[in-house]
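For reference, chains read A, B, C, D, E and F in written order, and residue numbers begin at 1 within each chain.
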Amino acid sequence: MTTGAAPQREYTIEEFVLHTEPYYLPLGDEVELFEAAYQQHLPVLLKGPTGCGKTRFIEHMAWRLGRPLTVVKSSDAGASDGTSMPLVTIACHEDLTASDLVGRYLLEPEGTRWMDGPLTRAVKAGAICYLDEVVEARKDTTVLIHPLTDHRRILPVDKLGQVLVAHDQFLLVISYNPGYQSAVKDLKHSTRQRFVALEFTYPGLEAEAAIVERESGCDSETAMALARLGEKIRHLRDHGLQEGVSTRLLIYAGKMIAQGIPARRACEVAVVWALTDDQEVQRSTQEVVFSIFE
Amino acid sequence: MTTGAAPQREYTIEEFVLHTEPYYLPLGDEVELFEAAYQQHLPVLLKGPTGCGKTRFIEHMAWRLGRPLTVVKSSDAGASDGTSMPLVTIACHEDLTASDLVGRYLLEPEGTRWMDGPLTRAVKAGAICYLDEVVEARKDTTVLIHPLTDHRRILPVDKLGQVLVAHDQFLLVISYNPGYQSAVKDLKHSTRQRFVALEFTYPGLEAEAAIVERESGCDSETAMALARLGEKIRHLRDHGLQEGVSTRLLIYAGKMIAQGIPARRACEVAVVWALTDDQEVQRSTQEVVFSIFE
Amino acid sequence: MTTGAAPQREYTIEEFVLHTEPYYLPLGDEVELFEAAYQQHLPVLLKGPTGCGKTRFIEHMAWRLGRPLTVVKSSDAGASDGTSMPLVTIACHEDLTASDLVGRYLLEPEGTRWMDGPLTRAVKAGAICYLDEVVEARKDTTVLIHPLTDHRRILPVDKLGQVLVAHDQFLLVISYNPGYQSAVKDLKHSTRQRFVALEFTYPGLEAEAAIVERESGCDSETAMALARLGEKIRHLRDHGLQEGVSTRLLIYAGKMIAQGIPARRACEVAVVWALTDDQEVQRSTQEVVFSIFE
Amino acid sequence: MTTGAAPQREYTIEEFVLHTEPYYLPLGDEVELFEAAYQQHLPVLLKGPTGCGKTRFIEHMAWRLGRPLTVVKSSDAGASDGTSMPLVTIACHEDLTASDLVGRYLLEPEGTRWMDGPLTRAVKAGAICYLDEVVEARKDTTVLIHPLTDHRRILPVDKLGQVLVAHDQFLLVISYNPGYQSAVKDLKHSTRQRFVALEFTYPGLEAEAAIVERESGCDSETAMALARLGEKIRHLRDHGLQEGVSTRLLIYAGKMIAQGIPARRACEVAVVWALTDDQEVQRSTQEVVFSIFE
Amino acid sequence: MTTGAAPQREYTIEEFVLHTEPYYLPLGDEVELFEAAYQQHLPVLLKGPTGCGKTRFIEHMAWRLGRPLTVVKSSDAGASDGTSMPLVTIACHEDLTASDLVGRYLLEPEGTRWMDGPLTRAVKAGAICYLDEVVEARKDTTVLIHPLTDHRRILPVDKLGQVLVAHDQFLLVISYNPGYQSAVKDLKHSTRQRFVALEFTYPGLEAEAAIVERESGCDSETAMALARLGEKIRHLRDHGLQEGVSTRLLIYAGKMIAQGIPARRACEVAVVWALTDDQEVQRSTQEVVFSIFE
Amino acid sequence: MTTGAAPQREYTIEEFVLHTEPYYLPLGDEVELFEAAYQQHLPVLLKGPTGCGKTRFIEHMAWRLGRPLTVVKSSDAGASDGTSMPLVTIACHEDLTASDLVGRYLLEPEGTRWMDGPLTRAVKAGAICYLDEVVEARKDTTVLIHPLTDHRRILPVDKLGQVLVAHDQFLLVISYNPGYQSAVKDLKHSTRQRFVALEFTYPGLEAEAAIVERESGCDSETAMALARLGEKIRHLRDHGLQEGVSTRLLIYAGKMIAQGIPARRACEVAVVWALTDDQEVQRSTQEVVFSIFE
């Protein structure tokens, strides 16, 4: 129940809460907008590129919206002075079935036993349920969330012959990366017109440097250089690079440098080779690295 | 059995009834037509765009057609003076199997136990069974409803080796959005020529303003502005917008405004970003928002 | 075992018989042809458009070929003076498996128990087995009926390790709508050359008016007007209408009128909107309605 | 074990033998060729169009190769003076799995029980195993028969962890209709180069008349007229008819005539409508009928 | 355990050994190459056309590499003076799953019981495991053999949570026919660069005559004529014949002749009709037959 | 638990460690880079062609990062003076399911029992988990590793309703061959931007000769000739050869030579025939062999 205590390593899905505030640097009014949506029971859609901080944002909001729980005080819990709301994250993919979300019967010595799926657990416990990369999900999954995302706020559990009314604190949040969307994989309007939408992008230069420094443990000069690297590489996107470099990869480079790897080599393995297999694109990315880390 | 009492959160599918009249503003003679079809045992097909009120309409009709039941009086049930007919809603999708509708065997300590599916429950209990977005369903699902939608009104349950004759109050209602239909996903004539059809569209300006005001809790001036926004955006449909904005999204915008978010920002997250990922289309939608909320 | 008594609503598949003669107006010598085929043990194929009466015809033939059974006399059985042959109807679709037809093992407290499928029940009980829209079925289903439809008249039940010889009164009847058939979905010659074929079409003007009047309960003038409507709309088929209007939809219109809905409005919901989503085609159909119901 | 006695209607697959000689009119040296192949343990492939008598031929050969068994004498067994070899017929289709042929585990009160499939039964009992329309089968099915059709004559039963050596009297026979074969559905050379092949076609005029007369019970003049009809219609094949009329359909026409249906009408339902849905082709076929039955 | 004794017809997969030396006429140094690869633990790939003797070769090698086992002496075991190595042959196809090879759980009265698959049995018993037509297998099958075919020689059995180290005598051998390979069905380089490859082709004229004579029992003159027939037909390959005639079919023709069928007729059923359905190609093949058997 | 002792041949997946240092010749700073990434908990991606030593490298790193365990001292363990970290290798393929990685329920006498999959075992035991050829995996597999490869380091086990926090020593390593990647099979950016990337290629001439000599047991002159052969064949890649020859195949050739096979013949079976079925390409490769081994 507490992530601070090292020995405990297994948690019930709906009891998995954070005990220290997740670092998140707001880039605009996204925190206020999310809070307003939450108060009004409006489901939220997060759009944005890979590694720009959507997962961190939702963890941060779960923390902000957290209410006092019966906390097991852990002596080594650091700056923690409370817990987050329970946050149930589900990474969507094309083989995720409705049963994976809602639940299934297990065979037990006394016959079958019903096992709630993560969505059902979130609906009952009043958690934030976060469906990551929702456009990857199959139709039966997207349709399943319809009655949870309009005025009904119900979840039919057909295999139990039941209808569940969602806990008052429950909220559904979904995300995807619009840069990817092909024509075949898109949210249907009957799905997307059920969500208030927030658009995310990479942070600005100063903000990204601050994030890289804090997360990687490198010095502030290196962090600023890496942020500049990120900005420049993102401008290469028209030159064959499918997607800009994520803040996460810049943090990786910072960590390698902090570990003693020379900056140019660190950027090669954490940025250049990580981004692409195309030798041409690797060469232009390399040049950007060399222009910054001389 | 009563949705008014907060603690009760799980209902048997066929006992899920409404205890307060669902708000619905009739836009024509749709109520009379539905009642005539119901009296004659004629299955009904609802056509119309996303979020125009089809689900609300069917809830309203279930309420109107409701007969006195043995109601558990709940002190906080507000304006409720009765209950609706039981309403079994099934969101269709391409992985919905016939077994999901009709039922399946579960393994129990004393061997297998049969579990009625939602359609079978509706057929037996005399509920309205509402198959939402029926064109998404697989062939075995659409074929399954054939003997229920002609003079036979029977449901073969092959896995039980049985034939069920439908309860006299049972009615099958299906819906879909004709705007979506591709050539591959269409109701076969052998299916569609079994239904009386009602076509829905977005409400007129005055009606939509009334609905937005009542549902969002914003003031009447804002509601009228949002209704005008809806009207104008729907005219953009020829300019790259796949589907007009739903009344539901206008209500979302109203709720964000009622929560204290500035109108332009509320419309951005609830309408502009929610509708589309196309930056060009976002810009023209944005302009419409700015022209109304100056 | 009797459909006249209201409380009884569940029947064993092979015991489902009719107790009142189903109304059917013969349009030619189809009754004599079917009887000759039945005497000779020749399987029958019914071809024809949606809602032209194929299901009603096979019910009628089951009634005519019915022999005295040990009837449970029900006091309210009306004009009934006997019962039909048992009639097992199976709506084919692309997910119907051979096991759905032949049977499967169920797990019981004393181990697995075999459950005969509807085809096996019909083969054993000597019923008419009617496979509706057989071209929708998968290959394993069509191949399954081969040894039942030549001189062998046997059904191999591989999962039991058995071969069943069909009851002498058993007959297999299949149907489909040739208007639909695409190149990919067609009966293979090795299947179709096992059946005597009867072609059905819509009834003539007088016959259709008689059917509509009797089935809908509207007056004879309205019935004739609806029959004329049907005839005219079927001529529109070259103008974008995929399939003509079925007699069933005309009966629906008659029922709505009998319920008090104005004729033009009744035809709009039961015919115009029911037939098509294409606005152009709706307009031309509408004009036909207006020319008849002025 | 005897098909003559009416009450017995269920047989174990490998005990299903014929008790009266199946009528078969040899059209060449096919009987001698098959016997030679059988003596040499050479698997046999039968090629030929629908309804030309391949099934009857293999029944006839099973009869000829039959040895005295412990026959349960049935008083009403007519002309029977022995029994056929056991004949296991399997109609192939694209959903037939290897398990369907080889066997599977069933759950029983004392745990799982192995159930031999029809191929395994034939291999053990020394039956003729006839795989009808083998090109329709999936790859795992065709590959399964490889070790049974070379010098090894073994059947690996992987789920039992066993290898079975075939009974000395076992023979595998397969059939297909070369007229159908598309490029995608063809026997691989590694399969087809394991069989001696016999090609079948429709019988000549005199032979076909003799067969129709004997099988349908019509008079000899009608039978000859039907044989001429068959010959003429097969010449139409270049004019839009996918496949010629089978002897079986001519027998159907004869049976309808014997039952009292006028010849032209009998040919319409048993030949014209049965062969095709194409109105043009129906008309030319009709003309052939009218030219013969004036 | 002994194939000489007639009554015994079922063997455990890994105990299936040969008791008489399989006839094989070496056509080059293939025997020495295989022995060298076996000593070095190098997996072997056999390439070659249908019916050219790959299966016979691997049986022969299993015999040569066989070591003394505790043989159950059978009095009628003829020329046998030992046994072969155990040889586990698996015919690959696109529905063969990893579980089919590795093993699966069976349900037993005392719960599930693990059942080793044929590959696992071979790995444990130190058999030669021969995957015939490996390119037909699914990806999960080909990937499964990777750790068995490099320096690791291990088989992960995930369902047991185990890793097996192969028996020292174990060797994996695969085969395929390069003539077939389409672009889509090809061994990936990460698979094929794990094998030493031996290429096979049809035997020369003298060798083939010797093989046909010995295997079919026909006289030496006929055998030479059949070998010449084979050579000539293989030259037709550019004229529409997909694949040359296999030695196996020539042996079939020899057997039919030995059984008393005239040579031309024997070649027609065993070669001409067996090879192709194309009438044109049949005619040219026929001409070759006639030119040899005048 | 010890691979040195011959009798022990089965290991629990997470206990499978190496007891002797795996031979690996570093070609650059790849060892230092991997160690830095490991210290920083950064997941690693290995890119490179077939058979260039990726598997050997990861075994080597597991050895280097190995800590003292409670080793069962085996007398014959040779140069071993410790053990490697546990290394869980999973060969990815398109039929690998999430359950194959995470675990599944097994049916036991006392009901179902959960069985951890290899990924779960690695997460709990703190092993290096190596997903080989990760682009072959299905979407549900790649998505599954997302929360393990960012700051969360958790593995949701939905079927247990649990969330696992990874052991501190756990690291995920993936590999693929960029030469293969088609457009359809590529790592999504949301996956690939979670890894630090190391690019591998074939070793230089001297290094490869050293490796071939040590691994094959051939003399140093032959080893150098084989290394030169490898270098030359890789230059042929533009001339129809899909992929260069792997170091592994050169070692195979060395082993065949060490076994007494003439060099040219050894190169034919281990290189020429093993690399390709294209006769043209075989000929040019042959020429290279002849130019080196005269």
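Heads up, the rule we're going with is that a contact is a pair of C-beta atoms (placed from the backbone, for glycine too) under 8 Å apart; a residue touches a chain by one contact, two chains touch by 3 or more.
Predicted, not measured: the structure shown is a model, and the values here were computed from it.
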item	value
Intersection of the contact lists for chain D and chain E	none
Chain labels contacting chain B and also chain D	C
Shortest contact path, chain A to chain D, counted in steps	3
Same vs different contact residues, chain B with chain C, by half of numbers used	different
Distance between chain centroids, defined by C-alpha means - chain B, chain E (Å)	62
Distance between the centres, which are taken as Cα means, of chain B and chain A, whole angstrom	31
Centroid spacing, where centroids are CA-atom means, of chain A and chain E in whole angstrom	54
Multi-chain contact residues (two or more partners), chain C	107, 110
Pairwise touch network: line, ring, star, complete, or other	ring
Residues of chain C that touch chain B when the two form their complex	3, 9-13, 16, 50-51, 55-56, 89-96, 100, 106-110, 115-118, 121, 132-133, 136, 177, 180, 215, 242-243, 245-246, 248-249, 252, 255-256, 258-261, 265, 269-270, 273-275, 277
Chain B residues within the chain C interface of the complex	29, 32-33, 36-37, 39-40, 42, 45, 47, 97-98, 105, 107, 110-112, 124, 138-140, 142-144, 146-147, 150-152, 156, 158-159, 161-165, 167, 178, 181, 188-190, 192-199
